Each structure stands twice: as structure tokens, then as C-alpha cells.
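Chain nomenclature is as follows: A, B and C, assigned in order of appearance, with residue numbering initiated at 1 for each chain independently.
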Amino acid sequence: MTGNNIQLDTKGRLKHFLTIEGIDRSLFIEILDYAESFAAVGERAVKKVPLLRGKTIANLFFEPSTRTRTTFELAAKRLSADVLNLNILSSATKKGETLLDTLQTLEAMHCDMFIIRHPNSGAAHFIASKVAPHIRVINGGDGRHAHPTQALLDMFTIRKHKPDFTTLKVAIIGDVSHSRVARSEIHALSVLGVPEIRVIGPRTLIPNDIESLGAHPYYDMNDGLKDVDVVMMLRLQRERMRSALLPSEYEYFKRYGLNEEKLALAKPDAIVMHPGPINRGIEIDSKIADSERSVILQQVSHGIAVRMAVMAMTMGNRSGETQ
Amino acid sequence: MTGNNIQLDTKGRLKHFLTIEGIDRSLFIEILDYAESFAAVGERAVKKVPLLRGKTIANLFFEPSTRTRTTFELAAKRLSADVLNLNILSSATKKGETLLDTLQTLEAMHCDMFIIRHPNSGAAHFIASKVAPHIRVINGGDGRHAHPTQALLDMFTIRKHKPDFTTLKVAIIGDVSHSRVARSEIHALSVLGVPEIRVIGPRTLIPNDIESLGAHPYYDMNDGLKDVDVVMMLRLQRERMRSALLPSEYEYFKRYGLNEEKLALAKPDAIVMHPGPINRGIEIDSKIADSERSVILQQVSHGIAVRMAVMAMTMGNRSGETQ
Amino acid sequence: MTGNNIQLDTKGRLKHFLTIEGIDRSLFIEILDYAESFAAVGERAVKKVPLLRGKTIANLFFEPSTRTRTTFELAAKRLSADVLNLNILSSATKKGETLLDTLQTLEAMHCDMFIIRHPNSGAAHFIASKVAPHIRVINGGDGRHAHPTQALLDMFTIRKHKPDFTTLKVAIIGDVSHSRVARSEIHALSVLGVPEIRVIGPRTLIPNDIESLGAHPYYDMNDGLKDVDVVMMLRLQRERMRSALLPSEYEYFKRYGLNEEKLALAKPDAIVMHPGPINRGIEIDSKIADSERSVILQQVSHGIAVRMAVMAMTMGNRSGETQ
């Protein structure tokens, strides 16, 4: 996809944040390092910095989401921006307005940034290719394509526990085929130099071309989890359980759910990750979710820090404007 | 309507903003001039002024609206006010509380201003006549009666391109009968001294008494658009297309939609306006909507500036209070 | 219920605010006195104090409510906190996430305080017993159990008119059985030393064990209102009118609605209270609701002041943190 470069300006700096593809290692590390400074903000008594004061950030959610929308909203507020929550499903598009007219209207209202969540793959790219030069676009998840801030927060979390990516074995478990999270994770792990990326799931849920992305497929947890440093569970879309692609919930948990017995195959200090919300007893046993090896809640906290970083970086790279 | 004067205080200053009727030319110009200072705020890196800091503004929308609600919300936030969005359809009135009890409750919560959008003509006047003396009321559109901030932003936009109102020919095209926008525009153009105000539409959609408002009816675009300086399209309520009042969408566009051929009848430097959201290919051809002659997106920007002006002016005229 | 003490820290200071039970007289008075300072804030031109700047307060409403949610939101904003409104009915719990996972996720987002409204009695206690040590929980109404901020604002309002609680006769009228408001009022009046607490209603709506709470039952308004200083009407849940527990609305108003004739039995300077929203002509005659004896709108104003006080107090008592 050649269009990925639209997320960089002519000096190679971050302009939009649409996908991990096209972000090189040094820029990726720069974002992670910048996010460190915001992780500290969440711990302070006054969790606010004035970086984006007087900016207007529009949350454009074409798909329902509480968690992602909330973390973007909190990230924006902690940067002192004004936030506009637009549930597009129930707004002007119903009145027959086209998407581009809606976007141009928001630009005319002097919005500075759009956070996009959309069921169609490529939606955030399309929007970024159409907006006025001063507008920044951040992809909050588009179809099966990408969820780049999720990959960012997960790499941030891994780095806290395993600082050297170049020695890691990482397994991603679940419905890889339908997961924008999995795609973005694989790209991110590759960029950061992880030598062994595994995906584990039923054959029906692992894409045929997965090796072209640099990941190795496993269809059995006992093989795939062996000696890994990081276990990344995917969320199971329970809606899909009813389709023919998946066995029953019970059967799924037995084969691909994470329990103590299976986790024992990983390295003794392996960490367990999940993008949330978790389905206890389906993807993951409660004992593990609540154990010290689980870093699931750290992921949530880091989600706000990395989103603050991406918002502040893209906005800071607007030519000719002083903050 | 003698009740209009309730929008002025005893010194003739703006207290509420309910309708263009009863606003004289000098006050109208004063509002437009004041709005100029806010238009610049939208262009700044920090789009915020502290004029209404610590004030509480309640958006009381008894009718769905994304665009108008959003611009009022942004205007309030850029004035540093706190905003309360109340979707009245789903709130206390369902529990059997009367409208006046809801308003008194909001007053007791120390709200300072109500923005009212209501399906009944006269609702904003009624509310303004009942609130406590320190409360300000702004009409965000009431039934078929008025949408005065829309007229204000349109006059602001016209003045940017055609500073001398006393030489203009202006045409308003569409379903004039059901349009609160049209009524407010006609009043505003009259107040500002526009010598020729035309309305164009099917006979079924032009009120019989339109001449008493100072406008001349045309039933044919070819006659009505001739030599005009400003073309104001109205939004077509597509819901009404299904009723007997209107021909088919195709037929409507053929007769009253704006295309290049018809626009060629207007003055060469005529501007094209629309309150949005636009129905491309129904009221207006996409080529024109996206052309340099269209000032539709400027209208959106100016909408925030004039709403900031009206909010700040009415609030500033509270006796005995320092900002 | 031994769990009540979880709302106090080891030094006996307010940590959560869950119920009136377990709050002693001196702490209760301390809260009321602190609320006095916030009552003045509502009257100022700039209705904001920076006490909770940079704090994040999450409104977790598992039950619909406009009035209570709005007053908590305004209280939080006037303390300069950031507010997150989560309608839990439509959010992550639908995706199969457990309540505790939702709470832990919000903690991981560095929320500082949860305002809980829940249909199950005990929900706020349960949540307070599970949250991390730095999180504060305020009960915005749980099932039939408690609505302690309502009791607080009502005591604040009574004190404005009748400063000496130890000489008062107070009557609470309506569906006492199903009312969390009534339970909290009775506890509050007891704590403050009110010597005579009466409850009035149909036998079907007065709990059998009411005397164990320190209140005396009356089934006839003419007996119960005699010589009282304070008349507290409860809101009638009209949904219940259709059940067998209650006579018709007409019949109810005739027997237990407050009109001038019945109010004449109370002391000449008796005040009339109602938690709102009121059903005119059902619980209360319009003449009385709008009379000088009604303090209903004062209750609304005081509701914001006492909620600001409780928020600021609980947050201020976080060990090792400077504001």
C-alpha cells in the first residue's frame, strides 16, 4: 500500500497515524520514548499538561466502542484539548450528507484532529488523503486493516518488561484472520526486530499468506507457546462463535484458551497480554488474567500515554504554527 | 408579534437572541462587527478566550440536530464556558415533569444560558418570557418560525463578499413555506437594507403572504435568478418529498436545483450559499457546491464566530455582574 | 451492615460516601459546614474553583437519571475536574466484560472517583470494597438502599430554615417501602437528633419494621401532618400506580397528595420539600409547589453544593497526595 507515506511529512516526521506500515524503527522508538513522559502524567495529582490547549479534537466513531473512545477522550483532555464526541451513525450522514461533506464541515469548524474508528478497511487512509493540510488524522481501528495505537501501547508494555526486542519470541493467539489488532502487532514486532513471531489458532482463522508478513503459523497451543517470552491473546468476537468458522466456546477454550497448564510451556517469566475487554473462561482463565504475569491493566494505562504521545507529536509537527 | 422586545433590555441592548424581528440595523451591525473579533479566534493556535469562564451553558435540544448543536457547543467551549448537553427527548420530561419545572430546575443549578431548539414555533420566546432575570436564552431554531443565528451567519458571510447591502439582489430558493431559515433570512436582509429580496420555488411551497414580508415570489428559476448577487439555497427536507406537496426528486432538481446553466443567469460574481447539510444532486449540483462561487464552508466557520458573539454579548449585558 | 465503615479511613475521615449509616453527628455537621463554602460558588460570576483540577471523575450510571447525573457532572466541573459520562447499559458490559473488569479498566485509566447509580441495593458498597486504595466511590443511589447525597442536601436545606434539629417534627410522605430517599432521610434526621420522625402513607407502602429505624408510622395525613415543621414529600413512581399496591392516581392524591387544606395542619412556618422531579396534582398541588413554603428549588441548588463538598472532602483525604 503506497499510500502509507501520507502519514509522514516531507521531513519524515509523523503527520497522521494510520498504520504501523511505513513507520521505521527509529521513528517507532521516538514515539515510545515520547510516550514515557506522558505515562508519568497519569500518576500525578494533576493529570494535565497544556500541550494541546485550545485545540479541538473530534472523535468520529462509525462503529461502537467504549474503551477506545474513552482512552482517546481522556488522552485529549489530559493534553487540555477540547473534545467533540460525534456518533456518526446517528448524525448528519442520516440526513443524506456525504462523508466528505461531514469532514469538510468539521474542518470549517476549525477542528484540528480527527480520531477515526470505521468498519471499512482503509477508511482512515482515505480520510487522511482528503483532509485539509492542517488536519491530523489518527486511526482508532479500521475494519480488518489496522489498529496502530493498540500495537503501540502493546510494544510500550512489552518494552517495560523485556527491553531488548531482538531476543524475543512472541506468540499471538486467536482469530488472526479477522483481527486488525493482530495485523498491527505483527508489523510492530517486525519493525522492532523481534526475531520470532508466531500466530496460533484454528486453521480456519489463520490467513494463508501469514508467512509473507513475517509470522509463523501454529495450529496447536502446545507447539506454539513453547519458550515464548510474550503471550498476546486476541479478543474472541463472540458473535463469530455462532458462525461455522469456530467450534463451540467450550471447545475453543479447551484448544486455544490460555490456562495455567498451557502457559507453563512458555518461558517462566513470560508476560500475558490482551487488548480487552476480556472474556473470562473463553480466551483466558481467570487465574491467569488476575495473576502477576498478566499485564492487561498496564496495557490500559499505557494506552492513554501512547495516545497522548501520538496526538501531541502529530499536532506538534504542523508547519508554521507555534504551540 | 409584540413579544419580540423581550430580547432587548431597557437600554436596548441584546438580552436574549430569539428572532431577527425587532433587531434594528445598528444593533445588527454591532453584532456582526463583534463577530469579526471571534472569527479570528478560530484561526489561532489556541482557539480559546476566557470571556465566559465559569459560566454554564445548557444546550436544550427538543429536536435532533448535530450541526447546530455542535457549533453552539464549540462556540461555548471556545469562550471557556462549561457546556451541558441535554437531550430533552430522553430526560426528565419523560418522567412527567413539565417544561417549566425542567427550566426552573436548571436555573436552580445556576445555569446561565439556555440554547433552545424546539419543533414548536414560539418555544424560545415562551421560555425567555418565563426564565429568571439573569438567564439568557438563544433560539437555535423553533418550528417554522425563526433560526436567527443562521440568518446572522449568512449576513456575516454576505458582507465578507458584498459589503454594501443596499445595492444587492438576493434570491432564496426552495421550500420557503416550511423554512424557519427563509423567514429569518428575509427579515435580516430587510433590516440591512437589501432592496430586492426574491423567493423562488413551486407555488405549493411559497406562502401566499410572502410580499407582506418584503419579498417577491418567483415560480421559475430562469426569471428569479436573473442578475442576482447572492443565491441562497434552502435545504430540502427529503421527508417531505414523499408527500403530495413536491414532485419527485428528479423533477425537483430539474426545476429548482442549482446547476451551472441556471447559475449563469445570476451576476458573474454571484455567491452561492446553503445552510447545510447539502443534498448533492437534489438542491445543488456537486460542481457548484465545490466551486469557488460556493461559500458554504465559510458559512460553517462564520456560524461559530457569530454564535460566540451572541453568547458573549447577551451574557455581557447582565446588570451588576462583572465578567 | 458492618461494611459501612469502609467509607471512613483509619482516622475516621470520609473516604467514600456510601450511606448515612455510620456517619456520626460531628462528621455530618462538618460536611454541611464545608458545603456552605460551595453554596457561595454557585452565586459567583465565575462558578469554578480549582480544587479537583486534573482529576478524572467517572459517572457510572447503571440506571437512567438526568437530574442526579447532571448535578454530579456540574459539581465536578465546578471543581475543575474532568468528567467521563459512561452509560454502562450500552457499553463494555454488553461485550461480556464483568463489572469488576470494567472498574479495574477505569482505574488503569487513572480515574480518581466513581459516582455510582445502580438498581441493586448494596452496589456502591460492593464497588467501594473492591476498588484500589486511591479510588473514591460516591453512591448516587443504589436500589432501595440509600441515596445519601439526597439526604445531605435535604438536611442542608432544612438547616437553612430550621437551624436547631433537636426541636423538629418531620414527616416523610409517600411510598416509603420502595424509597431509598426515605431510608437515607430517616437515618440523617436521626443522626442530627430530630426527636420526632414520622412516615405517612398507605399501609401497603410503609415497612413493618419502620419503628426500628426510629420513625413512627401514620396512615392518615390528618394525623401525621399535625404540627410538623418539615413536610418531605416522596416522588411517586407512577410505574407502580399500575400495580396492585396503590389506589388510582386520583385516589392517591385525595388521600396522600399535599394540598393547602392538609398543609394547614402543619406548623404555620412549616417548609415543604420534594426530591424532584415533581408530579403536579399527584403528590403535590401546584399552588403549594409554587408557594413560598416550598423549598424545592433550593434543594436543587444545594444538591450541587453538597456534592461538591463530598467530592472535595473524600478526594482531599487521600494520604500522601498534595492537591
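Assume a contact is a pair of C-beta atoms (placed from the backbone, for glycine too) under 8 Å apart; a residue touches a chain by one contact, two chains touch by 3 or more.
Because the structure is predicted, anything quoted here is derived from the model rather than measured.
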Type of chain A:chain C copy interface by residue overlap (half), same or different: different
Chain B on chain C, rotation in degrees - Cα superposition, rounded to nearest 5: 120
Rounded Å distance between chain A and chain C, as computed from the means of their C-alpha atoms: 41
Multi-chain contact sites of chain C, meaning residues that touch two or more partners: none
In the complex with chain B, residue positions of chain A that touch it: 53-56, 82, 84, 86, 90-92, 95-98, 101-102, 104-105, 107-110, 321-323
Chain C - residues contacting chain B, complex: 42-48, 64, 66-67, 70-71, 73-74, 77-78, 238, 276-280, 297-298, 300-301, 303-304
